[in-house]
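Below you will find the structure I want to go over with you.
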Amino acid sequence: MKILVINPNTSNGVTEKIASIATKAAGPQTQLDFITAPYGVPYIATRAEALIGGQAALEILADHKDEYDAAVLAAFGDPGLGAIREMIDIPVVGLAEASLLAACPLGRNFSIVSFSSNLEAWYQECVEWHKMEQRLASIRMLNAPFSDINSVQSELEDMLVDLAQKAISEDKADVIITAGAPLAGLASKVRDLIPVPVVEGVAAAVKMAETMCVLQPRTPRMGAFAQPARKPSKGLPPSITRLFGGQTT
Amino acid sequence: MKILVINPNTSNGVTEKIASIATKAAGPQTQLDFITAPYGVPYIATRAEALIGGQAALEILADHKDEYDAAVLAAFGDPGLGAIREMIDIPVVGLAEASLLAACPLGRNFSIVSFSSNLEAWYQECVEWHKMEQRLASIRMLNAPFSDINSVQSELEDMLVDLAQKAISEDKADVIITAGAPLAGLASKVRDLIPVPVVEGVAAAVKMAETMCVLQPRTPRMGAFAQPARKPSKGLPPSITRLFGGQTT
Amino acid sequence: MKILVINPNTSNGVTEKIASIATKAAGPQTQLDFITAPYGVPYIATRAEALIGGQAALEILADHKDEYDAAVLAAFGDPGLGAIREMIDIPVVGLAEASLLAACPLGRNFSIVSFSSNLEAWYQECVEWHKMEQRLASIRMLNAPFSDINSVQSELEDMLVDLAQKAISEDKADVIITAGAPLAGLASKVRDLIPVPVVEGVAAAVKMAETMCVLQPRTPRMGAFAQPARKPSKGLPPSITRLFGGQTT
Amino acid sequence: MKILVINPNTSNGVTEKIASIATKAAGPQTQLDFITAPYGVPYIATRAEALIGGQAALEILADHKDEYDAAVLAAFGDPGLGAIREMIDIPVVGLAEASLLAACPLGRNFSIVSFSSNLEAWYQECVEWHKMEQRLASIRMLNAPFSDINSVQSELEDMLVDLAQKAISEDKADVIITAGAPLAGLASKVRDLIPVPVVEGVAAAVKMAETMCVLQPRTPRMGAFAQPARKPSKGLPPSITRLFGGQTT
Amino acid sequence: MKILVINPNTSNGVTEKIASIATKAAGPQTQLDFITAPYGVPYIATRAEALIGGQAALEILADHKDEYDAAVLAAFGDPGLGAIREMIDIPVVGLAEASLLAACPLGRNFSIVSFSSNLEAWYQECVEWHKMEQRLASIRMLNAPFSDINSVQSELEDMLVDLAQKAISEDKADVIITAGAPLAGLASKVRDLIPVPVVEGVAAAVKMAETMCVLQPRTPRMGAFAQPARKPSKGLPPSITRLFGGQTT
Amino acid sequence: MKILVINPNTSNGVTEKIASIATKAAGPQTQLDFITAPYGVPYIATRAEALIGGQAALEILADHKDEYDAAVLAAFGDPGLGAIREMIDIPVVGLAEASLLAACPLGRNFSIVSFSSNLEAWYQECVEWHKMEQRLASIRMLNAPFSDINSVQSELEDMLVDLAQKAISEDKADVIITAGAPLAGLASKVRDLIPVPVVEGVAAAVKMAETMCVLQPRTPRMGAFAQPARKPSKGLPPSITRLFGGQTT
């Protein structure tokens, strides 16, 4: 199985964190490649940034989909996932999506815990897009300063554990999702400090992509993700122009 | 009141249709300007096209927001509306949004009727994003061929009226929304052929934008649309780079 | 456009407050008239009082509907709105309804803030009747004494601003609706003291009524608000007897 | 136990039907009295008629509540039930309410079947007010003519049985509610013609009122049905004026 | 009417508490019998214990259903109720079910209050199985030690009253359900200490069983509780083997 | 990874079908063992049979959990899954659960298709227990006779494909789940006959169990699946007696 892991953020440090966890999670027959977004922001936190990151991911997939069996969209919030899913004919799994789904067999309700309240509105809409609100206990966000996105995980570890505790005792979460690619790896570190299961999203996403490879789903010809008719466009990047169906004459 | 009407499609013919209806609906003190997307597709129908159209609209607003009191995003499906709303400090109303809201005082449930089943999945997600599913009776789409997006309205008028009848009798719709900018103007034409109210979306959107001008809402400093912190980016169009907060150093 | 604004409360002081705000909000081509309920209570706060106020509004509209293009039912809670909508063949907009709808483009969730916990159960049912609970963050009510319904707004202003703050920080409201006709005008006064948009309901209702005039919806012959068959009655006020279809023989 | 059964319709023939079924259902220690609304319409079918019927029932209860342990509001649709419940300090059970609740132990989903599509919108809102939509399979209504409200039951019996069959096979109803006081007694007549349980609403309502007498619930001092503060009014019928708290000085 | 009350717990002391309240609630024509589960746990608190208790109740009913007109499953949580309902052709009412349904005419929302947080997850799933979450304000559980399940009611009475108060003031409960057979009788004791109605579940269940006897529902041949086809089994207790349809050959 | 696959049905033929698919899906480092229920029914189809099958699965896990890293409960409907999850300290994945979760990245809505309408009510409740109704398009069941549960798959293949087509075109399913262990293997056979992805549940369950092994979730000490306190019991099978905490003294 060849799986492409796309980091729609521009930060290479984040890609490295993702790669380290993803590699550990992958089965022996899985080959993983990693691509970092060539344009955009270091770390996507808002709907506007997700609009950009979604387009970057779509371009990457337009160029590379034929080389892979499946892909992982490795930003919690799953930027552009709907667009990708209707245009790209290999299975693509979102980091948030895989985290939410993997949390389900571990409890009735999960809470999402992360490091910046800027992310909250976007994460909330992501859970709603996946129609998983019925299992969402809460989204809890820190508002503490940190010096660097690459070290945010260790800088705020203690506060994130406390926040998870609050989600469990006050919001009745049965499972904690430590959300956001910069927190990749945190789940196993804090495993014994939190009294309920903690989901490592990157690992869940890699395993879900492997699951898709095994299921070998056909490309839908009907339904919400049937590939749309080809359509001319103008002024778009070459890979998207080709993906959509050529240029306006 | 100065209101900017943005057509995120690249089709000037559609912009003209919108302009004609919008001008009739506007109050005497309203000044309307119209801008057509410089890049993208002639008519947005899918999530991938909406990703592109949303960015085009965001660029237009980044450049022009200071000249207007409010704006209308004149594509049903409201591409990029969430992103726009958190970044742009004037009120922006979506064509779908205004149609759904205007339908509410006219009945318990509305149906959305349009000309291409390609649009259905995206429209469904749009209604869900607005959290209005509780009032959605159905989305009914034609699958008939038509020769030109600029004349689709007159080509398919009879079939659209039949489809609306089915939505009323089979899905219990109390109100019909004839969706999509290419159908601008149809509502008043078929008014007496359909036994329930029909919403003219462009008119509803212009009036909702005027309402926003009267309400003079402040820019939120908290909540789901509080403007996010400025953030460096790389490789983005100049207007978006400025809007986000400058280039990565 | 001729719009009738009905105050289903018996308090003329409240009618004056409504008129002052409504007049400012109306467009230059709008003519507004105001009628106060001839019987009932000074300020409707409960379902039982709403039953009475709804009948008073229905009588007023039975007598005057032919003189107007649209009407506003100017009591938050929208007493009798369903009954009015099925019997009266001009568009009628509720004060609560218009406030909820106008809040939608301003945020994901709104909170309703008002001066008396007596109102809470009725307001809650009103939001549910409009099927807008998905966007309701909370209803927050003061329990503080005040001397006069006509001055409750200024007496409790500071406490209402504090209550709005709580709705924002604790209930995650993106928009505040200061509910109830006695609070007409408060929204613009406290605009800069509250970190999210505040909806002035009376203004929203006038603009929504104007929107309905522009949309010119036909009277439904099918659906949930189709006018019912005429029916004889006995012992009812003359205007209602006529509206229903004559007296039992 | 003394239970008052109120028919908020003005038709004595309907009261007799109700009385016949109610008497059979009541336990040996239950005393039933019946009052027919002195004003209104022969048979309530719409929200406007329910507004009137609700006031009539409120007046009857204001005059007679001290003589009874509980009351039944014997019109499906439960006109004025919320208003009654907050003002009247004995338990009052609605005919629709009791039918819905009694249907629950008999199946997962129920359908409401009745004789006139005029009733549908009001019944739908009634189910929603009781927050029982999750268990509603469908509302199915005949549109057939009938000569007299007092004989509608026998005139349309065969068609109603057919309609119930459709609700079972097409809408997956596990239980049928034959709704509306004019259909009192039908359930037992058609019991063996319909392959699922059929709820006799009047019987269910009498038993629910007896249940309330046994439970002896206290009058709430808090919550959604706490009795509101006394309030002056003007121009209202004497019994309502007293109930609300006296006349405006 | 002959009604069998089944205690699926093995504790005879709990059966006695149930019998004392049930006998007071029953009408003069009702004959009640009581059976305690011959195997299982003294007091069911979890899903696993409910699996066992459900089977015990099913065996008791398989042996005794022909002697009774209806039955009560007297453990809050209603262990095995779905299984019982599809296999047993007399009406069977659950203790939780009857409590939830009886709470409905007494308020908009109810809270469930009980003595051990171990019970919470199971109770929550029970409310969801009955599709009554829309009316659930909260489940509030003590975590205090007690010496004996037979005296838990008096040992923790004061703390349970305090907990109910919190459910009313913080969770907006209009009605309190003191849940669990060991609390049978508490509702009437604390009636005047709690400002909203308190439901005595055992009384509600007996009255609901009597109501079912009066309604005489037919055994469903279609729908979610239609009796399934007979099926051979192996290794099951004799009464269940017979109920299912005989042994595997 | 050692994974135990439990067939809670008594049919060895079904176990063989499951084993054949499971073995193909498992990764190279996974060791699978299979156990068939020693008592119960050949094929669980109802809530009552699920009560028995759930206990059988609980007994098997009580005896064998220490030998495995995770387990699969290989009956669609997931009998006893809640009970198992709170008592057993290794991850256990249900066949229905894994199918529903794996369907999510493949479409917005899924339909469940199977061979006997007897299964429908139980499957419906299973989807609700997993809180996945928001993504359920429909459950479609055949009512055709078949000669043997071991060959039902090939006997009814054509009719099941037709049924799936109806779910897609009439119920708007984006994904088909061919439900029930006797249909194991059908998904890949009909892959190219159905225009949307088809989920092979057994494969999905094995991959989800492997995912759980990689995530290494800790045993919850709080929340809805925290292991309950040990409790004495009487009359239960030895393995369950031990699991619960010993015999009543």
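Worth pointing out:
To keep things simple, chains are lettered A, B, C, D, E and F as they appear, and every chain counts its residues starting from 1.
Please note the rule applied: a contact is a pair of C-beta atoms (placed from the backbone, for glycine too) under 8 Å apart; a residue touches a chain by one contact, two chains touch by 3 or more.
Because the structure is a prediction, the values reported are computed rather than measured.
When the C-beta contacts at E-F and at D-E are tallied, the pair with the greater total is D-E.
By the residue-number overlap criterion, the interface of chain A with chain F counts as same, with over half of its numbers used by both chains. Chain C and chain D, compared by their mean Cα positions, are separated by 28 Å. Centre-to-centre spacing of chain A and chain C amounts to 44 Å, using the average Cα coordinate of each chain.
For chain D, residues that reach two or more other chains under the stated contact definition are 108, 121, 124, 223-225.
Against chain B, in their complex, chain A makes its touches with residues 10, 38-42, 45-52, 54-55, 58, 80, 82-84, 86-87, 118, 120-121, 124-125, 128-129, 223-225, 228-229, 231-236, 240, 243-244, 248. Listing the residues of chain E that touch chain D in their complex gives 25, 27-29, 91-94, 97-98, 101-102, 104-109, 130-131, 134-135, 168-169, 172-175, 188, 191-192, 194-200, 203-204, 207-208, 210-212, 214-218, 220-225.
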